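Look for chain A in each of the two complexes below; its partner is chain B in the first and chain C in the second.
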Partner chain A sequence: MTYRPDAAVSTLRTPEASSWEPVAGIASILERRRSRPRGRLYAAVRWGGAAVFAGVFLLLLVTLFHQAWAALAHMGLSILWRGWNPAKAQFGAGVFIVGTLLTTVVALVIAVPVGLGTATFLAGLAPRWVAAPCTVLVEFLAAIPSIVVGLWGLIVLTPLFARHVEPFLKEVPLLGALFHGQPLGASILLASVVLAIMVLPTIVALSRVAMSGVAMADREAGLALAATRWQVARKVVIPGARRGIRAAVTLAMGRAFGEAIAVAMVIGNNTALPHSLLSPGATLGSAIVNSFSEANPGSLEKSGVVALVIVLLAISVLVNAGGQLLLRVREEGPPPRGPVDGAVEAIAGTVGPAS
Partner chain B sequence: MSRRHAPALLATAAVALAAAACSSTSSSTSSSTSSSTGAATADASTAPGGTLGGAANTSTPAASLTGAGASSAQPFLTRAFYDYSRSNHDVTVNYSPAGSAVGISDIQSQNVDFGQSEVPMSASDQAKAKGGPILQVPVDLGGVAISYNVPGAPKNLHLDGDQLAGIYLGTITDWHQIDSSIPSGTTIVPVHRADSSGPGYDLDRYLIDTSPTWVGAIGTSTPSKTWPKANVGIGQQLNSGVANYVKQTPGAVGYVEYAYALQNGFTNAALLNPSGSYVSPSIASIAAAGSHATNLSSANFDIVNQPGAGTYPLANFSWTLIYQKQPVTNTGIALGKLLDWLATTGQRNAVPLGYAPLPADAQTVAHTELLQLEDSSGSALFAS
Partner chain C sequence: MSDLPFDVPVTAGAGAGVRVGAGTLAGLTRRDAVRAAACAHLDRRRRLGRLATVMCVGALALSLLPLVALVVYVVSRGLPALSGGFLVHTPTPEGIPGNGIGNAVVGTLIIVALAMAMAVPVGLAAALFVVERPGRLSGALRLAADVLTGTPSIAIGVFAYLTFVLAFGYSGLAGSFALAVLMLPIMLRADEEAMSTVPDELWEAGLALGSPRARVVRSVVLRSALPGIVTGNLLAMARAIGETAPLIFTIFGSQFFVFRPTAPMAALPLTIYTNATEPYADAQRTAWGTALVLMVLVVLLSVAARAVAAYLHRKAR
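Then we have the complex of A and B:
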């Protein structure tokens, strides 16, 4: 009998198949010559890689804790709420934690709706001659180093915010309460806007890809049920691309959390607790980048700066895990919806009482 | 000889004069300060680097030198290194103005050939240096300007220690409180350095000296390079960051190296000195502060708040930090010749940029320090 590759493959996959006998010799050759050594090599790479990764992570943690120990012992748990004042040997991260969470949340509040809107537009609503160049542009923007955005924020946005944007926001009714205080340019708000600009391309690029992956049949189902293109986008495409969008937002959040240099350039580096979005402030990242070089090796202050790194690491892990958990609970709640359900609902919305 | 060479000739003459001045004074001082290297003296015939004389001579061995540190010294250093490289094509110097703290930590960990800082390394800083004893060479004399951007305000506003402390503590918030000719409602935006800095050290030192309110508020009378009241006003990185922010923000006031204030065309405050006069920063008033450094050393470097009718209270020397023992002989010789030139002939680049020329006492300190340079075996690189 001649060797048939397809048979050999199927035999390897299902040894209990009836055609086992004739190709057994070939299968064993394949296993001996190729599969086994490569399998071992692959296993070694797999385990080796995992071990290296775990080792690096452990080493990182050990080094960080070793260097931060003096400050952690000095501050105790109060590191989480006390302020930062090296002159008085006070190395608390409280103000920086508030600044980090505040800038990240405001940045996402700005970037997520705009980003999803742009992605929706590019992934289905825009004519091809608009979508194609815009897609390339967004992917290009996503690769811009953060220092460039920071510098642009410092040189262009700071005076613009001080003279026009912040005085205008102070005048807006209701919202004005968030923006009391003097318009100084450098502020929590400007840092959030710079972060939003920085993470926007990431959100657009990743969620556009996810939205493009929603099956054409699903969209057509929606359109066939007389949904408008906007309704299809909102009820079919966005829910269908949920996982990709979640990944995009998580990545964006991670970048906003850890950004240091660009934030240090525009936030005003003030260690007082911010009382408004126009207050200058500081984040964990910006405080680390400002203080790291100045602290003497071996001093308590250096140790305090390393403790800030640990707090940043812990908070980003916690917030990420918390976010994932929250999303999982929400998803487990109602039964999974098919895209067509969304389309039907969309039609019901247009037919039923004004919504 | 063409006219193009005339400045070079003049410079050579100046070098010769400076060299004569240096060698006449150094012989008396080196015996007292360089006790540690008394055994390693060499005469001109055996020292691989020859003698030091301030000349940018072309016999300097080819070398690529790297340095990092104070941004305050950057305008001077960048221009002077360029000047030097015009007659020494084989010597290239890369200077990274990352801040004086980086200068100190980089020289401690041997990342660079030289560090730069306005506040010299303390004994504990030096103990952490991996390559052994550190030589500290004064190379420029600068001042710290209190620059403000207040539309319609008079030039050289008078400020005393308590007023300046009030501004940086956030208790004085309106420019009208400082000068009644400024309409009320012009809010003061105090700008400080977000990273640690020499100018911040000088101002902290001046405020500790002149304002009990300041000492009470910061809770210490030890000056610090880290700005002690970072919870008031805006923090910016490096001199350039503070200058940029002051420039674009009406109502802002900040402390920057005088060279940066000059470069940006800032209006600067006149500060009260111990003799009771209000003095604004200028080459002459900074030089007057420098003239008080009669017993200058890296342990006795402070020239803040000195008396004299024309003395500006915020002045400092900038120090180049190098290892005494140079592992690569040619690098050591190039470094020694470069710094020797910088402290003497190179000073011609100082005045146009807003630095006062180094006084003779500081040049003597520089010369004495550089004579202690050694190669890896411990023999002197230069002959006295």
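Then we have the complex of A and C:
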């Protein structure tokens, strides 16, 4: 006898079978189950986790704003362009904002072309025996703690820059104008280079993942049209991975903005407005590191430092929101992903499928 | 034509003369001309490709050179410091031999373990909330996680100081709290990503068997999302273990073995930071040695994350 769903339904529906009773029984079982303590426990766990997380987040915002309030009220909007001079009760972030933007931009100017070139090579051009070990290497380099990069920058790169790199850059025609002033080693330039080294593996690793996510069929279509491997990389792979590449660059930018310790070790910590890439400067992060422990608890200066944190937070939220917006507007579907890929991306701070 | 990913050189080099002759005698000449043009074009494309490849190799060299130099440098400067109980001794005053970072190793292990104990369950529970109850509330949580992920770690350090340290004083626990706040959003997103890759059919199959949701989640969803969850959490830990900024205002540092998390503690990143900025040769040696230890620890964790994920993945098949 073959299974006929219609027949089954119709026997169920005939009134003389009084067939709703077993269903009612199941419903009551389900009812009892739903109210069982374990179900409620599970709901409590979920709600608890969400509540703790939301609580921590709100506490963070409230605490920072509360503590920064005195300085924010004291400075008003002028916090965005005034300088930093605690002796004159001036707690502006202007110089630090300039330093932050300058170091980030220079770092990205160095890191993005190099990183994308590397990723293109690893994802499309290189033979397997080169690409595989290099990929693993880059992914491990992405895990190097920033303090180690900072240490290397401080002890190795600072003298190297002071003696060789910076005097050399001053001699370069045209570009030399960017590099006037004393070659001291610790400078905006060195901080940018350290940041570039720090974010490079991130850019390479994430954009390589995005590029290898481009469908093989698309690449093969390109090759079948007699495109060279480079043409396929340029016209198929890179456009196909645009979304991931943008995410990688946004993430790298966020890292560069927010890095504090390593930058504080190499930037020279100077609260005057930088006049060239060789002048020592300060970023928001490095200024927080240096001023926070110096300020007395409860003083206006402490509040001023927390206000710097607020400014830093605002900038990073803006940058991330901008990145997200770019991702959301331009692209349609999320790339296919496995469980581990998703986790790795989430780790790296990129955001999953646009919701 | 312009929809094609590149120009197809059909008419590229076929000149007027060829076109005139095409109708009459010389199908042959025309074919030759087209072929010659195509060859020339192919040559040009190949040359361009070779040039681009060379530039990409250059980029690879440029990006690997400083990083490999850094690793080689840390290893070569760090290895000499590692001799003679470096990992188990406590720091000695400048110039006295027998220096060590045992207290920092212990401190880092305790602080990170406590941070994991705080962050993993909360992250998992919050991720379950987001997965189970899609809606405005989950969207808000996700947004909060994104904002918190983008929050610079120094801001989290300042936050931990303003709440935990001002209330309870400097302690290892304050550092754990800061690291937990740092890891939480990462874990939330990683857990959520891992769980959202579980096919709906598995949820439905579990529920259709009449299992309560808690049971379905525990024995179906969590089990099949486990590789992603473990990898994500371990990678978050690897990131947290190397962070200095959340610790700098919270744990204060210590010269002794401290096992009580409510007291000030030492940690590896903080040891690097304080020693690196001191002008003594011994301090710098310690900084390099500690950097090597930290780097090895982080790399081991990343390897472990991948290995565990691969193992669980294979087992799940």
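We take it that the second predicted complex is superposed on the first by the 267 of 355 C-alpha atoms of A that agree within 3 Å, B and C clash if a C-alpha of one lies under 4 Å from a C-alpha of the other, contacts with A are read in each partner's own complex, and residues count from 1 in each chain.
Quick note on the criterion: a contact is a pair of C-beta atoms (placed from the backbone, for glycine too) under 8 Å apart; a residue touches a chain by one contact, two chains touch by 3 or more.
Given the structure is predicted, the values throughout are model-derived calculations rather than measurements.
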{"item": "Chain B versus chain C as contact partner of A:320, first or second or both or neither", "value": "second"}
{"item": "Chain B versus chain C as contact partner of A:154, first or second or both or neither", "value": "both"}
{"item": "Which of chain B and chain C A:121 touches, first, second, both or neither", "value": "second"}
{"item": "First, second, both or neither for A:211, with chain B first and chain C second", "value": "neither"}
{"item": "Chain C versus chain B, contacts on chain A by residue", "value": "C"}
{"item": "Partner chain(s) touched by A:195 [first = chain B, second = chain C, both, neither]", "value": "neither"}
{"item": "Touched partner set for A:137, first chain B, second chain C, both or neither", "value": "second"}
{"item": "Partner chain in contact with A:46 - chain B first, chain C second, else both or neither", "value": "second"}
{"item": "Which superposed partner A:293 touches (first chain B, second chain C, both, neither)", "value": "both"}
{"item": "Partner chain(s) touched by A:306 [first = chain B, second = chain C, both, neither]", "value": "second"}
{"item": "Residues on chain A lying within both footprints (that of chain B and that of chain C)", "value": "154-155, 265, 293, 297"}
{"item": "For the chain A and chain B complex, residues of the former touching the latter", "value": "83-88, 154-155, 158-159, 162, 182, 184-186, 264-265, 268-272, 280, 282, 290-291, 293-298, 301"}
{"item": "Complex interface listing, chain C residues touching chain A", "value": "4-6, 8, 42, 45-46, 48-50, 52-53, 55-60, 62-64, 66-68, 70-71, 73-74, 121-130, 132-133, 137, 139-142, 144-156, 158-159, 161-163, 166, 181, 184, 186, 188-190, 192-194, 196-197, 212-214, 217, 225, 227-229, 231-232, 235-236, 238-239, 241-245, 248-249, 269, 272-273, 276-277, 284, 287-288, 291, 294-295, 298-299, 301-302, 309, 313"}
{"item": "Interfacial residue positions of chain B with respect to chain A in the complex", "value": "98-99, 101-102, 105, 108, 124-125, 128, 187, 189, 194-196, 218-220, 224-226, 228, 230-237, 241, 244-245, 248-249"}
{"item": "List of chain A residues in touch with chain C within their complex", "value": "33-34, 36, 38-39, 41-42, 45-50, 52-54, 56-57, 59-60, 63-64, 67, 113-118, 120-122, 125-126, 134, 137-141, 143-152, 154-156, 197, 200-201, 204, 222, 225-236, 254, 257-261, 265, 285, 288-289, 292-293, 297, 305-306, 309, 312-313, 316-317, 319-320, 324, 337-340, 342-347, 349, 351-352, 355"}
